[in-house]
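Chain naming follows the written order as A, B and C, and within any one chain the residues start at number 1.
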Amino acid sequence: MTRRKTKNLLRLTFLNIFFIAICFLALVPILYAFTLSLSDGSSAFGSGLFLNPKHVTLENYRRILTEEPFLLWLKNSVILSVGTMVVAMGFATTASYAFSRFRFKGRMKILFLLILLNAFPQILSMFAIFRLFKTFGLLDSRLGLILVYAGSMCIFSIWNLKGYFDTIPVEIEEASKIDGATDLQMLVKIVLPLARPAIIVTAVMVLIYVWNEYLFATTFMLSADKYTLAGGLYQLQANDYSRSWSLFTAAAVLVSVPILIVFFCIQKYMVSGLTAGGVKG
Amino acid sequence: MKRILSSLLCGCMIMGLMAGCGQTTASSTADNTEAKESGNDTVKNEDTTEIKIWHDGDEAIMGTIESDLNETLKADNITVSFEKKSGLTDQLQLYGNDAANGPDMYFYAHDSLGMLAEMGILAPISDVTDVDALDTDLNDMTVEATTYKETQYMIPVYFETLLFLYNKDLWEGEVPTTTDELYDYMTAHTDTDAGTYAVVNQHSTAYNVAPVINGFGGYIIDKDGNPGLNAVETKEAISYNQKFAELQADGDYNTVSTLFNEGNAAAIVGGPWLVSSINDAGINLGIKSLSEFTLPNGEALAPYSGVQGVGVMKYAAESKKDAVEKVLKAIAGEEVGVDLAVNNNCAPANEKAYENTEVTSNEMVQAIRKTADTAEPMPNIPQMSVMWGPTEEFLAAVNKSDADIDSAAEEYEQAAETAISDMQ
Amino acid sequence: MKKKKRAVPWLYSAPALILIGIVVVFPIIYTAYISFTNMNLYHWNDFHFIGLENYKRALLKADSGFLSAIGVTIIWTVVNMVVQLVLAYFIALGLNAKGLKLKRVYKTLLMFPWAMPAYVSILLWKVCMYNTEFGLLNQLVTALGGSKMNYLAENVPAFFACTILNLWMALPFMIMMIDGALQSVDGSYYESATLDGAGVWQKTWYITLPCIRPIIAPSAIMTTFTTFKQFDIVYLLTKQKGSLSGASIQTIITYAHQNAFVSNNYGLSSAVSILIFVIIIVFSVFTNRGLKEE
């Protein structure tokens, strides 16, 4: 008994060391960036700077928060990403349920076609989308961007959710069908709770995509106060000549923080509903 | 039963659709009200004309111009706003024909002029105002630079050249007057492993190597659009530059400017855009014109000059002709020139500005003006836009990957020719 | 009655399919249309049909450079996907070990690279890690007494530099997906397998992998495509205008960018885009095998 305990302890110690090492490796560039963001502009870089900034200052953060329309950009980012998430997830959940549960003609063909469409480099679509937006008066509007984002994330979401729906045994639904539940009731009451981790992961994926996207955001939004965070900061720092590294890194840290908070908050909902649902093989 | 089920489903589906749309309609109405509000604004100030200028440059410089223009044009009820757009030429390709969303004018370097003019989105300046009257005070070189196929499409505002910037506290003795002496100084004072350098330069960037190439009599592209990467003079220049490159760190913009700002490099070849960060770093800055260095062949270094100016979009020249004309007159004026020189160390295109004592005492501006004697305006033909790529690949291959100059020259000359023929 | 039943799945998927049609399919069709015209700098507004001319020129461009770009792209995709899946699997497995109390903290920390916009991450790596003067790698090398190296000047080191950066950027998502998938595996399978005397490897091979495969297959395939068409990493690290690093690795997309897009010839570059799209379709026929279900 005690031998098993010590063996377990050893195993856990090893695992902890392993993860601390991995996390450190993953975070090295970010820690470096963080150190840079705390140093004043002129002394950025220089040997031995890592984790040891010369003149610690919060000036860079102050400048971004006060001299740039940071809060406005934050608001735009939130509106766009939440809007996209609602549209994309709303459309993709029903669609992927259909692709997972119904056997209809052309099902696999469409699924395969979708994945091929996704392979088309989106940057090449810029000109066509511009024409489309111009025709429908969607330039410089959030609705246009939400549609583009949602449309491009829909394919990913459908595939991702379908894969998970497939693993949920049909028996559960059949049982409730006998109880008189409709398809949609089943989807909302039974399938969705069971697929919670997949839905959360997919939604977060959509959220991050929009949060970090800057090319469409800066091309189709025409005034600086309509930019998203990523777009606004890209616009600020895109040019070599105007880039201040300490400011750039401070901006990078500020953009990432909201996403990290989201990550931390959703962690506890990530445990699969499958086992909790009481279904055994 | 089944019928009820399916109709229920239909209903739910429609609900779902509406929920999806509900979100979108909500945001579209929000957009509409915003649009209405801004619409009201324009109705309120009916008699003001708003001129929107896109740029991709330094905010401080644009700020100087913007406030000067708004001051001058207040009486005419014209307001000018500068908006930063990164990737400006790409954006103009999309919005250049879009009167509703595009800008009225753009402010940019002159080298993309030919491309935009060929696309047919720019109005010749003569459509808006009397060019010759406007040009009388403007520097000839800048007027030449902003002229494409004998038509002037831009009003030059200021121009830039590369300079030799050095740290007076680090440089030992006098700055040499020949490039060979400079090289000797560099070999004696450079320790790459310790990370200390005598002179740094973006040695694989075409713009920064152009002084040597032009000085040797070589060319990147000639007036007729023929690339000259494999011309004998160009190859000589590039192999001469390679010697220097070995002693000039990585040659990346951020690397070399940081080396200089931190006192790890005694001198840097760079432009006025570096000055604000150099001053922030508290460096005791010395400035020397590149035309004061002589190459082994007896010629002076001849950098490219970049002329920054404004161009007018076709639709704006038609719909806002009077306002645009006033803006052009004001921006070409002496006042903007003086303010740019005094506040931002820019060398104004307006010659009258140089009569101001504050301008004559500005060392930077004088050095740039002096360099203009040997400087060549960057080519503004559309073919130039595809030359940067092959030229810089050539330079990087020679300086960073030890490629053989002759074979690399042939390879990239070929690449340049293909790129040019691809444009048609 | 039967007919209505058949319409149900279409009804369910209609909104998504219509949206995809507008946002994804229309641009592809439009690109195809432009590829048959002579839209370029000199015919910006007055372009007209020129038939297959652009395709002829695009195919003529398919020289040795293009073929080697295809080769590099395939190696790049395979190396990245294999390393990514294996690493992500073991890390996720570790995260699911019983009794690991700090699991949530580790997970959040490991997600950090994902939370940054791509261009920010790439520029950070370029300057903070790979830079010859200030990069952490060279600081480490000089501290250990070595001499400075330029990681991006030659093709092979640059390829590895790009791969490491891609792994750094892509692993968080993979770990998250596999972690989610592992949690969905029914614990009772393992219990009965242990009773039957199965070892760790047998359990992995016969239980874990088959169980998580359907869940991670979609995201793995999606990631394969993303890796295949990856542009930012190679471009920003080695080919950014004004700071070329010297390495000349080309993937299909950077090759197309360099050969077609810089020239502002929309007709020609559209033809090249469509050809690349066709290549990707051919490529995906091979990956198609992983998609078969049932």
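In this section, a residue touches a chain if its C-beta (ideal position, glycine included) is under 8 Å from a C-beta of that chain, and two chains touch if they have at least 3 such contacts.
Values in this document were obtained by computation on a predicted structure and should not be read as measured data.
Participant: What is the graph distance from chain A to chain C, where chains are linked when they touch?
Facilitator: 1
Participant: With centres defined as the mean of C-alpha atoms, identify the chain lying farthest from chain C.
Facilitator: The chain farthest from chain C, judged by C-alpha centres, is B.
Participant: Compute the distance, rounded to whole Å, between the mean C-alpha positions of chain A and chain C.
Facilitator: 16
Participant: So, what's the distance in Å between the C-alpha centres of chain B and chain A?
Facilitator: Distance between chain centres, rounded to whole Å: 36 Å.
Participant: Using CA atom averages as chain centres, what separation in Å is found between chain B and chain C?
Facilitator: Chain centroid spacing, chain B to chain C, equals 34 Å.
Participant: At which residue positions does chain B touch at least two other chains?
Facilitator: Expected reply: 9, 13, 16, 20, 195, 253-254, 258.
Participant: If I count partner chains per residue in chain A, which residues reach a count of at least 2?
Facilitator: Each of 45-47, 87, 90-91, 94, 127, 147, 183, 234, 240, 245 in chain A touches at least two other chains.
Participant: Multi-chain contacts in chain C: which residues touch at least two other chains?
Facilitator: 8, 12, 15, 127, 133-134, 242-243
Participant: Can you name the residues of chain A that touch chain B in the complex?
Facilitator: 41-47, 79, 83, 86-87, 90-91, 94, 126-127, 130, 134, 139-143, 146-147, 182-184, 218-219, 222-224, 234-235, 238-245
Participant: Could you please specify the touching residues of chain B with respect to chain C in the complex?
Facilitator: Listed in rising order, the residues are 2-3, 6, 9-10, 13, 16-17, 20, 93, 97, 115, 118-121, 192-193, 195, 202, 204-205, 207, 249-255, 258-259, 264, 382, 385-386, 388-389, 392-393, 395-397, 399-401, 418-420, 422-424.
Participant: Going by the contact rule set out above, which residues of chain C touch chain A in the complex?
Facilitator: Going by the criterion above, the answer is residues 6, 8-10, 12-13, 15-17, 19-20, 22-28, 30-31, 34, 91, 94-95, 97, 99-100, 102, 104, 106-121, 123-125, 127-129, 133-134, 136, 139, 168, 171, 173, 176-177, 179-180, 183-184, 186-189, 211, 214-219, 221-222, 225, 228-229, 231, 242-243, 253, 266, 270, 273, 276-277, 280-281, 284, 288, 291, 293.
Participant: Once bound in the complex, which stretches of chain A touch chain C?
Facilitator: Residues 8, 11-12, 15-16, 18-19, 22-23, 26-30, 32-33, 36, 45-50, 87, 90-92, 94-95, 97-99, 101-102, 104, 107, 110-112, 114-121, 123-125, 127-129, 131-132, 147-148, 150-152, 154-156, 158-160, 162-164, 166-167, 183, 197-198, 201, 205, 208, 211-214, 230, 233-234, 240, 245, 248-249, 251-252, 255-256, 259-260, 263-264, 267-268, 270-272, 274-275, 280-281.
Participant: Within the complex, which stretch of chain B touches chain A?
Facilitator: Result: residues 5, 8-9, 12-13, 16, 19-20, 23-24, 27-28, 30-31, 56, 58-59, 83-87, 91, 94, 98, 100-101, 195, 253-254, 258, 261-262, 273, 277, 280-282 of chain B touch chain A.
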